[in-house]
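Each of the next two complexes has chain A plus one other chain: chain B in the first, chain C in the second.
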Partner chain A sequence: MAIRSFLILFILFFFSSLNPILSLYEDQVGLVDWHQQYLGKVKQAVFHTHKTGRKRVVVSTEENVVALLDLRQGEIFWRHVLGSNDVIDGIDIALGKYVITLSSGGSILRAWNLPDGQMVWESSLRGPKHSKSLLLVPTNLKIEKDNIVIIFSNGRLNAVSCIDGEVLWEKDFEGESLEVQQVIQPPGSNLIYVVGFASSSLFEMYQINALNGELLKHESAAFSGGFLGEVSPVFSETVVALDSTGLILLTVSFQNGISFQQTPISNLVKDSFGPAKIIPSSVTGIFAIKMNAVTIVIRVTDENKLEVVEKTNHETSISDALPVSEGQQAFALVQRAGPEIHLRVKLAHNWDDNLLKESVKMDQHRGLVHKIYINNYIRTDKSYGFRALIVMEDHSLLLLQQGEIVWSREDGLASIIDVTTSELPVERDGVSVAKVEHNLFEWLKGHMLKLKGTLMLASPQDIAAIQSMRLKNSEKSKMTRDHNGFRKLLIVLTRAGKLFALHTGDGHIVWSYLLQSLQKSKVCQHPIGLNLYKWQVPHHHAMDENPSVLVIGKCGPSSDAPGALSFVDTYTGKELSSLSLVHSVAQVIPLPYTDSTEQRLHLLIDADKHAHLYPKTPEAISIFERELSNIYWYSVEDDNGIIKGHALRGKCTGEVADEVCFDTRELWSIVFPSESEKIIATVTRKLNEVVHTQAKVIADQEVMYKYISRNLLFVATVALKGSGEIGSVTPEESWLVAYLIDTVTGRILHRVTHHGSQGPVHAVFSENWVVYHYFNLKAHRYEMSVIEIYDQSRADNKDVWKLVLGKHNLTSPISLYSRPDVITKSQSYFFTHSVKTIAVTSTTKGITSKQLLIGTIGDQVLALDKRFLDPRRTVNPTQAEKEEGIIPLTDSLPIIPQSYVTHALRVEGLRGIITVPAKLESTTLVFAHGVDLFFTQLAPSRTYDSLTDDFNYALLLITIVALVAAISLTWTLSERKELQENWR
Partner chain B sequence: MEKGKGIMGSGRRWAVHFSDNSTAPSSRDIPDPPGFARASVDQDDSTVSRQKKDAESNWKSQKAWEVAQAPFKNLLMMGFMMWMAGNTVHLFSIGITFSALWQPISALQGVGKVFEPYKDNKVDLLGPKLLFIALNLGGLALGVWKLNTLGLLPTHASDWVSSLPPAQEVEYSGGGIPL
Partner chain C sequence: MAAVTPLLLLLLLSSAPSFSSGSRNAYNINGRVKIPQGLGTKGYALPGRMSNVKVLLNGGQNITFLRPDGYFSFHNIPAGTHLIEVSAIGYFFSPVRVDVSARNPGKVQAALTENRKGLSELVLEPLREEQYYEIREPFSIMSLLKSPMGLMVGFMLAVAFLMPKLVENMDPEEMRRAQEEMRSQGVPSLSSLLPGGARN
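This part shows the complex of A and B:
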């Protein structure tokens, strides 16, 4: 004990004398961290292939990224991540040198310089009402030698100059119920057609002079059947639409007055498949409709007759029209058939012949083809070659050329929903292990180089060799477990319903699996992936089993949509089993119990408040029933401002008679007054967090007992008025209330009001403290507050002898129904940044001090010592407090540039930070994800329990050898001398 | 010695006995040399040896007391060093404190050995030993006191609870905002 307390004191002293800055040397970048850049699912792609220069493609994505990619390798030339509220509506290339983007519901138009991605101009477009946003870049339309861009957005048609973004003319379409569907600019003319529907049964056509915005013609015609969905332009003066039943196709021609031509779909195809949907295409004379799983490609003849050219059960994607020589248009169709995808390129007016027909082998786990973009090039024999950029179901982006995949990008990783980790297999004889060092000579050479580096004798070449050696260390990407627990698998679930396993060493994809349960099917039209849980973590007796994860999804966004479960082996990446549930999934509660095969018990609560236990085994049920009376659950209804606590009652009664179904009853509820308090944030402790001790030793050997409970909930509410944007209310009208609630008994342990403060609130809960970030309207600054909660009822345990003999009840199990006597300490500080997310470091035993990881608005991760957020900070700490490591109080938290975990990198579109303990107590693994991925190791109190990577073992070895040699030498010498002495 | 033995072994030719213990001068023809007082030898053997032994034991006991008092100087020295070291935990103060603890302990272990040379039937070593032990215990106490002032003794409740794991909770609750 004495030794331990001495050690702790010693460590405390040691670290309090250290500077808390954690920074990286330039040559340490990339040693333990990796950074990957992604784009997200491509929404639109525009090729830029001049005869000279590099072949490039501009893409816009669903993650609001606009980027220029190299067509040869798929590398990013430049990339801009627009904010999450700045959704891109359209992109195009103008003048061959500007990338034009229309975003934010058609209200912001920007031009970016194509080669380097710098913004050239930006204009904001306003209009009378919300509408569809359309972007058109006509090639040969000029106003006074000025190329123009035509934009329809917010009920207004604008012509904008390409050179400086100036609005040349504008025309409002203020018709009460007018819904503009298409803006058509026939090539080679100065006319613009704006077509749309009004009051659901009126077809409206406006003809506008593109040069000055003058209205030339306005015609409208009623169609009694009404209209449904989109229209597809087939010729410059003809569009195709569907009637409101979705059973009759309408060919609308507006060349000379509006004329409708009705064609019932049943006339085209024999059997009907229900209502159809138009898939718009820009190909002249061709469009496609979709009925359930059947896709029908229809050709429109010159006499506006419709003619089915293809009917297929395969999911088909049609590209936009690509002008090829002599006014001809080419387009591509792509379908998936088993392990291959079939690509066909045809001319618009000649369906029967294929310009190109290719089959490309495609990984099953990329799913269907969602989108295709084609581009042509001239082969050496002067014929046309085509390259196709395809977007797959898993959001990956691939380039096909000459029947081969030229490159692929895993852009699904830009939209991660949930992350968990898994251990790698233990190193055994059978498991292949990468060779670490080739031989002793290599090893020695390496260390000699390092030694040279340490002694500053290395030449620049040597330094480069040392650096590359360190970066290429094959040790870190081995596929087996290591002693320190640095090598793990990061299992990530993406929005596309694909599971990836990333290696923490270098971030490579170990396996990926497209979950069938999260794919569109007849039973499940809109599957959504929800969460990942560790299902089985084998250790001890179940060592031979592979670990597995549980993926939870549901069909559709409604709360009573049925759920879907999938169990995936994390070593092999194969789905073990999947379940389509009959009940919905409203809550998933991982229980702190496991069965004999180390499967964790999970409780799924459905929308009717029934609890369902998984796994459905008798063993699990018996474990669960033993603990039934101690299991509670709570629900936060943020719309109504109610938090309810529930207990489990017993097996389900009534129609749902199931072995694993349990009834629940409501125990307590906390109702927040709806006008004055609205729930905006809740946070609990992480389930797997380990706390080393319940006591906190403060200055003068005093002890404070932490109130450590798994069942604490932090809730932040704001005044209803103050729930909007920052600055929308005066400080007097807005307040923020923070609660600490016991979720078993519903007891409010602490409540504090911050007057004149506003959300958004970002919070993190760990051990016995919670830190939250909000905006202070009075001070016009962001603030961070900390609340620490201590158990006062334990403070009487002061008798040393009782403690020595173990006659205390500090570690005996406690019930939350015993009345707690808690005190809280809190303090607030200003903080410069606005925050996207907050996390906290976690270590295996919880001994190492904690750091807050703050995802800043600049998409970086800042590490902030928890010591800065200590409510016991005072302006003038006493000597004893200083020794304890208390920092003098300042009004704002310091932002030390060196403590950015992401150093010079940015994790664009940062959404979440996950920390995982390594086996080494000092170290924690940090994974930040957004559009980019970033991973690193952190040691909040430095690596006090291991030697650093650059520790010079050779130097140590040489020193030891030299010492042993010296000892033996002196020993022989002294022996000899002694002998001589004796002879004298 | 070996030489003598060899000679003796080969046969004795002559011998001189220096130990002429005869007391009577008359037994010899040669008178005693002037200044030679046979009387001194004449004294009773036991008396002489007793006197001798007395002196020796006096000396021994004196020495023993001296040895027993030696730790006192050490104690003062230690006290001074400790005062110099200060009350903060660092290498110097820890070194001093541990040597202050180690010295008395090693001395106490070797109590028998320290007083070995002065062992005598007549000399009462109990007193010096007790003093020695007491002084060393004093030194030890000083060391312990120093250890305590440095805060390295587990005399506070905090030393015993600092690594107590958190208490288990009987109830378990989970949930949150519906998915």
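This part shows the complex of A and C:
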């Protein structure tokens, strides 16, 4: 009895001594996690290199980032991600120390301190109507020692003080249909020209005194041909425009009254290719037009004569003008030709000579050059040198100097569309890249350091040495599969249509591939990447094959745009094949069947509700036809508030005579009343989720059976009024309804209404539960609710006798057509933060308990134990319930800072969280992406199946030694004692 | 300091009659984020560095940043009840419910949603600091002893040194019997050493 109680005490001690460490120690940062910062595709760049100090560049991007970069290495000094509806219209540098940003359609102007990124001032600009937003920072224009910024936005011209953002004067342009195109400041003067079109055939010019906003002159002239598109300023009092047909170039001079000069494009180039488009440039006397794929650079002479100086079939980018020595402007042209890009820098008034001509070798998978920004520096021999910042088709940013790429940034990774994973090759003889420790001395030294570390005797230098040793561990970035399944490839598809493979160990890019099927071409003007699927995951029959992924894209944003497929090998990063589809892609259903080469069958549903099977092989068709009657899917039409269930009918009939085309039929539909309910969220379980057991043993030895079905759909609807933003409705006129729908039969299994609540709803579905996050207007707080669904039809299987006599129904087939006997349990809790996305951890066998991964509005990822969202929580749990692990009920969910997966980092612009099981059951891999990327390993129930890195081997050794010593000591003691006994 | 001020400038009214009516009742929300000195001296969130603090309205509908003195403002906000959140690494801020009243311009009503505390002016202070890392406990004998290995050693030592003490206090008569039994059984077992086991 004593022994038993002692053992219990011992075990209790054993468990209590393991601290519940779900979080990190500060020195563990970077061991299993990595964080990468990106910007997105640069849309404007301004250099700051005047002073002798650091050379820097300010950029604004399509991901709404404004950042200051180091020109030497391309590192980020500081960065701000503006809100998604606060799109940046323009940036510039004022006073040499402030970065000015104009955003939100020209209504917010901010100044940031250049060295540290602190916001200095912010002003709100308003105006009478929507218009183009233009930002102009005039040089040498001062009002009482104060530099000004000129902004044209929302139909109003504002002059804003650089020092405090105060509006000095404003001038409205009220003309009903006036569309201001350009605001021009002739260098060195106090005048501003505002030019634009009114009622499509009137050219208007306003001359304004920049010091007080006084209107000096207003002229307008009609041009019967009308205008098209943009204007390009060529001189300070001359602009170039196109007539409404796009065939005639107009040189508009407004120095002394407005005069038009027409030049048909066909006069300039013999073979004209239809309507042209002006590419605006700020270079004096030079502009470019584009017709189809042909770019024509045109020079304007002093007499407003036009002259073609270059005509090329290559995609050409022209930089803005860069003032070099007095009155002279330089600009750059860049073109791609095969494996190289050609960069030319010229003076504006001298086309024939090049200041600089360079060819730079460029990776084919960066595509064309989209933008170029140039900057000059003075070489040691007092001549001018130029550096060019270029933005490529894959959204990467590169700095070129002296014919070389100084640095490059893969900023395409800031806009990830979809992520999947792939295994690495199996380690074979000869492919091992493991490094053996150099010699015994090094090895010993390393271990001595580690021992010092564990005994807390290490000096700061030693600690730094240990830290770098741990981080440099070559084991984690090896290119082969590991035993625990921690090393994988993350395959990501970016908005630029580029596929990247990132290594999970340290996040380096293993390969990248610019998909031709997702590039702009003559056939397809606006290709869009949609999804990534695992196409081939060889494991049993096809071990020699490489795994591959399927990339699905479509041509244009409309729903009936034709689709495009490509298949990419994930080991080599080469495209295996690509297909341009004749049908559209509305929905993709990966089927749970594979063919003999382990290619997964995919069903593509087009806009006309035909189903197309891929791969198009006879084998795949025969597999598919066998399972034809077991395939169901649903579609959601959120505009009409309809959810429909579908099944297959048979081979296509009619004009589409294709072996792999199948007709579909509608099985059921649920129509939500459009005046009271609007669908705002639908969520299903992940297809590859593994559930360990259906049974759940609860406190008093009872068993509950989870209702586990792959065909459950969670739908959230809100009242039409409540579909707007927070603050736009009162609690009385808003409600939120949550449904659980069976997608095979269309049966509504559960429905619950939350009165006084509204969206946005973020939900996650796993096993037999769904958790959703919404806003409670009455309490004015966010809430999270959980619904768990249990199968009652199996509840009477608990009787042992029934099991013995075989009277149970465990082996009876499950059909969704039989009326399910289910019960649901639910509970709601307050949650502090707004949420951007929710995910749930997934493990290989589904044994490990689950954690919710909540992407908060602060761009952090919080891990929250599912036990906090258990509908069986009560205020005072019984002893039995406590033993089961039920936490006493609280009204809000706890936010424990240590359980932030992202610790002290932010995943700026967070959009999605993906979890992938490792081979080790306790561990799951988490990848969060937005503008930044973050990866880590997570063990929701701690690593119970393997020793952690900080397992104390020293202590184990000491213990063994101590035990051996104790045994020998007691042995000798007892020997001696026995001898004494015998002598006595 | 906090004030909800109407945006309607007289000038705007007179000069822009075509101004859309939706913007007519647009207001500004001005407030201040104050991080007390002394907090945040533990590393990551540098004291006084406010440039990485974001203020979010209604779950990210509007995002603004702090001026050097901690002031922030949201422009063009319609009347209604709004939610302001502050995102700052290293600090926990409660979301704030802000009522912008159309009838009573200039009046601010704000309350922390976490503890329903009303605010007389819109000055937001962190409720607490957030420590993202576990703190390593310094090496100590106790932690060594409390670990499973330490317990094992302790148990062994206890058996080795305390058991003979227990045996010593036994009746010599019983002791001899036990020893005889032991010899007869050959293999000494743990149960026979115990007083309870020795009795039979």
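Note that in this section the second predicted complex is superposed on the first by the 902 of 984 C-alpha atoms of A that agree within 3 Å, B and C clash if a C-alpha of one lies under 4 Å from a C-alpha of the other, contacts with A are read in each partner's own complex, and residues count from 1 in each chain.
The criterion applied here is as follows: a residue touches a chain if its C-beta (ideal position, glycine included) is under 8 Å from a C-beta of that chain, and two chains touch if they have at least 3 such contacts.
What you see is a predicted model, and the numbers here were worked out from it, not measured in a lab.
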Which of chain B and chain C A:586 touches, first, second, both or neither: first
First (chain B), second (chain C), both or neither touched by A:128: second
Chain B versus chain C as contact partner of A:80, first or second or both or neither: second
Shared chain A contacts, counted only where both chain B and chain C touch the same residue: 2, 10, 13
In the complex, chain B residues that touch chain A: 89-90, 151-179
Contact set on chain C toward chain A in their complex: 7, 12, 15-16, 18-19, 23, 28, 44, 49-51, 54, 56, 58-68, 73, 75-78, 80-83, 85, 87-90, 92, 94-95, 97, 100, 113-114, 130-136, 138-139, 144, 146-153, 155-157, 160, 194
Parts of chain A lying in touch with chain B, wherever the complex brings them together: 1-2, 4-6, 8-10, 13, 530-531, 552, 554, 559, 585-592, 603, 605, 607, 627, 630-638, 645, 682, 684, 687, 691-695, 697, 701-703, 705-706, 708-711, 743-744, 797-800, 803-804, 810-817
In the complex, chain A residues that touch chain C: 2, 10, 13-14, 17, 19, 21, 23-27, 29, 78, 80, 82-86, 107-108, 110, 116-122, 124, 126-129, 172, 454-456, 725-728, 760, 775, 777, 779-782, 832-834, 836, 856-860, 892, 895, 897-898, 900, 903-906, 952, 955-956, 958-959, 962-963, 966, 969-970
